[in-house]
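Chain nomenclature is as follows: A, B, C and D, assigned in order of appearance, with residue numbering initiated at 1 for each chain independently.
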Amino acid sequence: MLRFLTAGESHGPSLTVIIEGLPSGLEIREEQIADELARRRLGFGRGPRMRFERDVLRLTGGIRHGRTLGSPVAIEILNSEWPKWEVEMSAAPGTPSKKLTAPRPGHADLAGMQKYGFDDARDVLERASARETAARVVAGSLAKSLLATIGVSVLSHVVRIGSVAAPTDKRPSVHDLETVDQSEVRCFDEAAAQLMIAEIKAAAKQGDSLGGIAEVIAYGVPVGIGSHVHWDRKLDGLLAGALMSIQAVKAVEIGDGMVQASQRGSVAHDAIVRDEGASSGGGFARRSDHAGGLEGGISSGAPIIAKVAMKPLATLNRPVLETVDLTTGESTVSFKERTDVTAVPALGVVAEAMTALVLASETQRKFGGDSVAEFSRNFRSYVEQLGAAPSARE
Amino acid sequence: MLRFLTAGESHGPSLTVIIEGLPSGLEIREEQIADELARRRLGFGRGPRMRFERDVLRLTGGIRHGRTLGSPVAIEILNSEWPKWEVEMSAAPGTPSKKLTAPRPGHADLAGMQKYGFDDARDVLERASARETAARVVAGSLAKSLLATIGVSVLSHVVRIGSVAAPTDKRPSVHDLETVDQSEVRCFDEAAAQLMIAEIKAAAKQGDSLGGIAEVIAYGVPVGIGSHVHWDRKLDGLLAGALMSIQAVKAVEIGDGMVQASQRGSVAHDAIVRDEGASSGGGFARRSDHAGGLEGGISSGAPIIAKVAMKPLATLNRPVLETVDLTTGESTVSFKERTDVTAVPALGVVAEAMTALVLASETQRKFGGDSVAEFSRNFRSYVEQLGAAPSARE
Amino acid sequence: MLRFLTAGESHGPSLTVIIEGLPSGLEIREEQIADELARRRLGFGRGPRMRFERDVLRLTGGIRHGRTLGSPVAIEILNSEWPKWEVEMSAAPGTPSKKLTAPRPGHADLAGMQKYGFDDARDVLERASARETAARVVAGSLAKSLLATIGVSVLSHVVRIGSVAAPTDKRPSVHDLETVDQSEVRCFDEAAAQLMIAEIKAAAKQGDSLGGIAEVIAYGVPVGIGSHVHWDRKLDGLLAGALMSIQAVKAVEIGDGMVQASQRGSVAHDAIVRDEGASSGGGFARRSDHAGGLEGGISSGAPIIAKVAMKPLATLNRPVLETVDLTTGESTVSFKERTDVTAVPALGVVAEAMTALVLASETQRKFGGDSVAEFSRNFRSYVEQLGAAPSARE
Amino acid sequence: MLRFLTAGESHGPSLTVIIEGLPSGLEIREEQIADELARRRLGFGRGPRMRFERDVLRLTGGIRHGRTLGSPVAIEILNSEWPKWEVEMSAAPGTPSKKLTAPRPGHADLAGMQKYGFDDARDVLERASARETAARVVAGSLAKSLLATIGVSVLSHVVRIGSVAAPTDKRPSVHDLETVDQSEVRCFDEAAAQLMIAEIKAAAKQGDSLGGIAEVIAYGVPVGIGSHVHWDRKLDGLLAGALMSIQAVKAVEIGDGMVQASQRGSVAHDAIVRDEGASSGGGFARRSDHAGGLEGGISSGAPIIAKVAMKPLATLNRPVLETVDLTTGESTVSFKERTDVTAVPALGVVAEAMTALVLASETQRKFGGDSVAEFSRNFRSYVEQLGAAPSARE
């Protein structure tokens, strides 16, 4: 039951997010949000803009004295480079100094120009840019704060960059996030990380870009989030929709999804066992985690695991992608915008945000509550009830 | 802007779907809907129930004299086995003759019981069952009829069952659907089809089940459906959400998504070329189709391609999956429900339905229109305009 | 968080409603729903169809053994006159035997024909008819059942028919509903009721119709439903939208809304007092009820009171309303459909349904819960907390 | 299909609105928005803050070089008094210098505190304040710009303040808006305006407040906006919901709604006549306007007319309203916040905004279009088609 809208162009004055539906009494610290934004800038292979700047925030609504008021929260992320773009991106009447007329393959440029009737690709790319994900990360950081009040935490790590894959059997626990963030490529396996860095260096040398895969994990999600009762209430569908909406993402996998497609039923499922200590599972646990914590569209109490695959960035430092100049109708190569070699380390952080937003919304749906006190009280009451011997319908 | 709700339990009297938002004047034939439902029953490896029955339909709202009225369409799919289940599934007060107390791994059973407070897994599985997808297929067949009025068609084929994959370079065209449907496994490659059948036979012999992958393709989607402007308007996100919501689906891939994650940017993108004849692309085409027809969340005019991976069915004809009896707290094996070996051929048909529903809704958003005449007139006017030399903002 | 879709035409085979979002474990009796439907048929001045028939129901989804499953509930209301209409309203291809080409003023006929491109007013009026409200009453009866689990009850009475108004100081309590229903015009004041009946008789004699006003009252709504934080979460806005959507309703008033517009602030507001016994107000009560139980878009714990004004029916038994025949372009009078003199007694029942649906949805939003047990447990916990000394933010 | 979220507290740094769904190419001028905001400050009986300040705007997203980009538009309204409130309303951790513990009757104060768990009424009133409507007016001014491209204009006038009502037979045309705005009370009848001013002076002298009624009129709305097919698509329901959500509004009436409730059907409806010149009616007009331009939930092409009744402001300059101090539990009178005598002139401007937002959204639903060019092209094509002889279903 969270709603959020983001606005702002990549080189506009700022990005803005309004998030509606947070309960009152949630502790919010500007530094915490800024830290999340800084995590989004992490990663070997990012340009210098990413590494040295720190986003400046303005908290303009919904928070008073460090706590939410239950009213919509508005946060603005200022663009430190705005003075350079003030004329080109002005809201006041004017004309662009230079139109970008050769849409880049792999971007929204051409389809966006055709859809919206533009002859300047900038009118599309400014909004299509992954810069927008900063606003999602802000919203996601609030969602994480809410989830923390019921013991849910969301983290991510990089499991592939280009041709280098990390071993699949090594998954960071809730305590390993700092270790992951300290890796230059946010990879939990040190050896793989080194190979990834080498891969990035090689691609950089050739002016090329790289894609990859991030895995996002939500620990502590109680059993019973999402629902099997209607297609658009299934938690896996909601997660897939949210994750696939991230710029440049082309595939989403829950648990061992792709592998399971090749397996037989007798080995692909997670045996159910009694486990008194498994509080998020209500006294039940699984012998394996093939399902990624989701069965029938509902959380099982096991960690929720999703993989998100990103295509290589379509903007290259070496102009090789063939396109057409819309003004002349002639073939040409697509123009260059300043770019990173890969954004997979950041992808994980954005995927955390989207996952947290979906989980916060769906836990609110289950537990209700207008204040954090009420939300978490209802949560505790549910967990206690689960612990009790299951008894039908009374 | 379509909305639809489905209702009904697997062994209840019927499934019902109400679909709201269809324009008036859309031609609807009961036979056409029944044919789509029959396609969902296709496939080697389905049980006898699937092969011999034909669903009986009741069209109870929104259609008069073969055309939609613009009002909500209600369609009921009767359950021919209802007399056998009338007592066990009665809506009137009563008690189940036998409770299912050992939830099956891989299903919504356990989480559903915990979430909703049941002690009989039947209270969950009746709705979680893939039988519900029949209602989606009905809704999808109406969406397909609407899309047909603007030249869009959606089809699917099976590209993997268990360990057998079809060659990736062979994709059915819009004219090949009948050929695909004639294959016992809905595979477009005859050799692969034979291997798939062998795989199914082998699994059947061992009481085991198989997963696989279906590919869904939408031809004729005009450039400009979906949008880059907000995360929840991106067509890839909407598709991923809809496809992942299908029972037993664990991964969704747009275009070459998973492969692209390993590639470099210089080879992963689809070059843009001028092509007067490419009407859905507004005079532009692509040299390749890695992106699956979607860039920046917007259709490019190229065919939209998505792969949907399904885990093997979690109900086996051989009871081996370990679970706990909730009444006794003891370990046991999960109970048997009658089951197929694999549902991948049907998966494709359901994936077509969900894809058609998303595309119908998003094309309506773009073209508006309360009647089919108005909807398609606005479509044609857009396509004509695209053909004109692109000119900004007038 | 309830969603519901209704479908079906006035003379079609049936009306169908699917209601999604009800918790599991809610007790449902077919008789109870049928009783609510019978209440909708009440009222002096209704035609014979209304008085003698009883709607036949089919409960086809979401209910097992007398309780909801948490899955969407589907209910069908069969049309006992269907055999007479089977050809004229068939879903199969065909043509109407007689087109209605002179749209009736005061109905959706003309605008609907223009919007949807019809030349037969029947294509509009079949759905625009107030018969559709039967489906809402069914949905509303489920909402009432849910509300009953937390002590909320919704009732209505007629306060005006034509020129006859009931005294404003007499409002039925929660125990008076039966008395109201026994009145032939559902008026709580016996003297006014007699005058209303006389007014109806007089109008009937002249082939004319009458409008009027019903008042709907919700008792027991706890303080804190709805919210001031966003325009579309205000309970008064949600109620107004739902009530104004009822066929022929042209005005909605909360509390003494219209009167308050003429008053001064010093007398128009409800003084706050401490009242230990006021459990729905959390220990506070009001000295008056001008605000209709709603302040700032939030329930105050006082009874929620809304008035709903209905125009006189636009179909008359005496054809006097001037219109145009769309085929000939000539002036004519609008055609007759069988009609009642007034539908104000039924209006109250429909207004109860819409009010109950809004309140059920918004209480679910606050209290969450997937089962009735969880929903009402969270409710009780909130009420207990309110009773405690208010303490900020912990 | 517009969505918008507003955020910000009355004495916070700013109000923010994000509006999503506007087509590209819409001309936007900051001055135009500022002018609308200035109109909201109009009115005899407003405090000095209203009269002398001009809101300072920041356009931070979705607009480039004077035109929309199709992306979400973000606009911030800065609070010129922020320096005075910076500490009291800081987002950073801290404590209020003085808690407001005696909730004011007639406001969200008490219910809001109970719902959200606050002990300081400021945590509620800052958001519940009518200051928030400034953000709606900004959103509404964009909606008006969009509507202007298809010839729709929305205006309002005051028809009652306290006991003074303007004559009902005098309604400003589309050219009279300036005249209305020049009236100190935004009343179109000069004599009534003088009486209203006298009424305000009298109330002011006694430290009292006044309510009243504004009428909003939309000219040029084409026939066929809204729909009869589903309750939540009826234009009157959507309008009523939007208008009732305005702070202090307690009643909404479409056309002659309240009067119609007392009338007979033979006189209450608007006769249909052929009128070649009536382009918004598609060649049809009405002999009267009792229905307020809406029949069956659909616009008829006649002007849409709604009345909005506002209770007197609940904050008085003379503290008389009885309440309870939540800290002591003792009876007291509610605290004073600086206040106006009446806000009815402003109410009209806010009602215009909400009406424009509903109409913009619903016209977009009908006409689709991603650019203004496409939206208005589809509109023109519809109007042309209407002019043609109505012919069914081709």
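Side notes on the structure shown:
The rule we apply is simple: contacts are C-beta pairs under 8 Å (C-beta built on N, C-alpha and C of every residue); 3 or more make two chains touch, one makes a residue touch a chain.
What you see is a predicted model; the values in this text were computed from it and never measured.
When the contact pairs of C-D are matched by residue number against A-B, A-D or B-C, more than half turn up again in A-B.
Across the two candidate interfaces, B-D and A-B, the one carrying more C-beta contacts is A-B. Each chain gets one centre point, the mean of its Cα atoms, and the points for chain B and chain C are 37 Å apart. Averaging Cα coordinates per chain places chain B and chain D 43 Å apart. Averaged Cα coordinates give chain A a centre that lies 26 Å from the centre of chain B. Across the assembly, chain B contributes 5-6, 20, 24-25, 69-72, 115, 117-118, 127, 224, 227, 229-230, 366, 370-371, 373-374, 393 as residues in contact with two or more other chains.
The part of chain D that touches chain C in the complex is made up of residues 5-6, 99, 103, 105-115, 117-120, 123-124, 127-128, 132, 136, 160, 162-163, 203, 206, 208-213, 223-224, 227-232, 234, 236-247, 249-258, 260-266, 268-274, 282, 284, 286-287, 290-292, 295-301, 309-316, 318, 320-324, 326, 329, 331, 354, 366, 386, 390-393. Taken in their complex, chain A has these residues touching chain C: 1, 20, 24-25, 67, 69-72, 224, 227, 229-230, 364-371, 373-374, 377-378, 381-382, 385, 393-394. Across the interface of their complex, chain B is touched by residues 3-9, 12-16, 18, 20, 23-25, 28-30, 58-66, 69-74, 76, 89-96, 115-118, 123, 126-127, 370-371, 373-374 of chain C.
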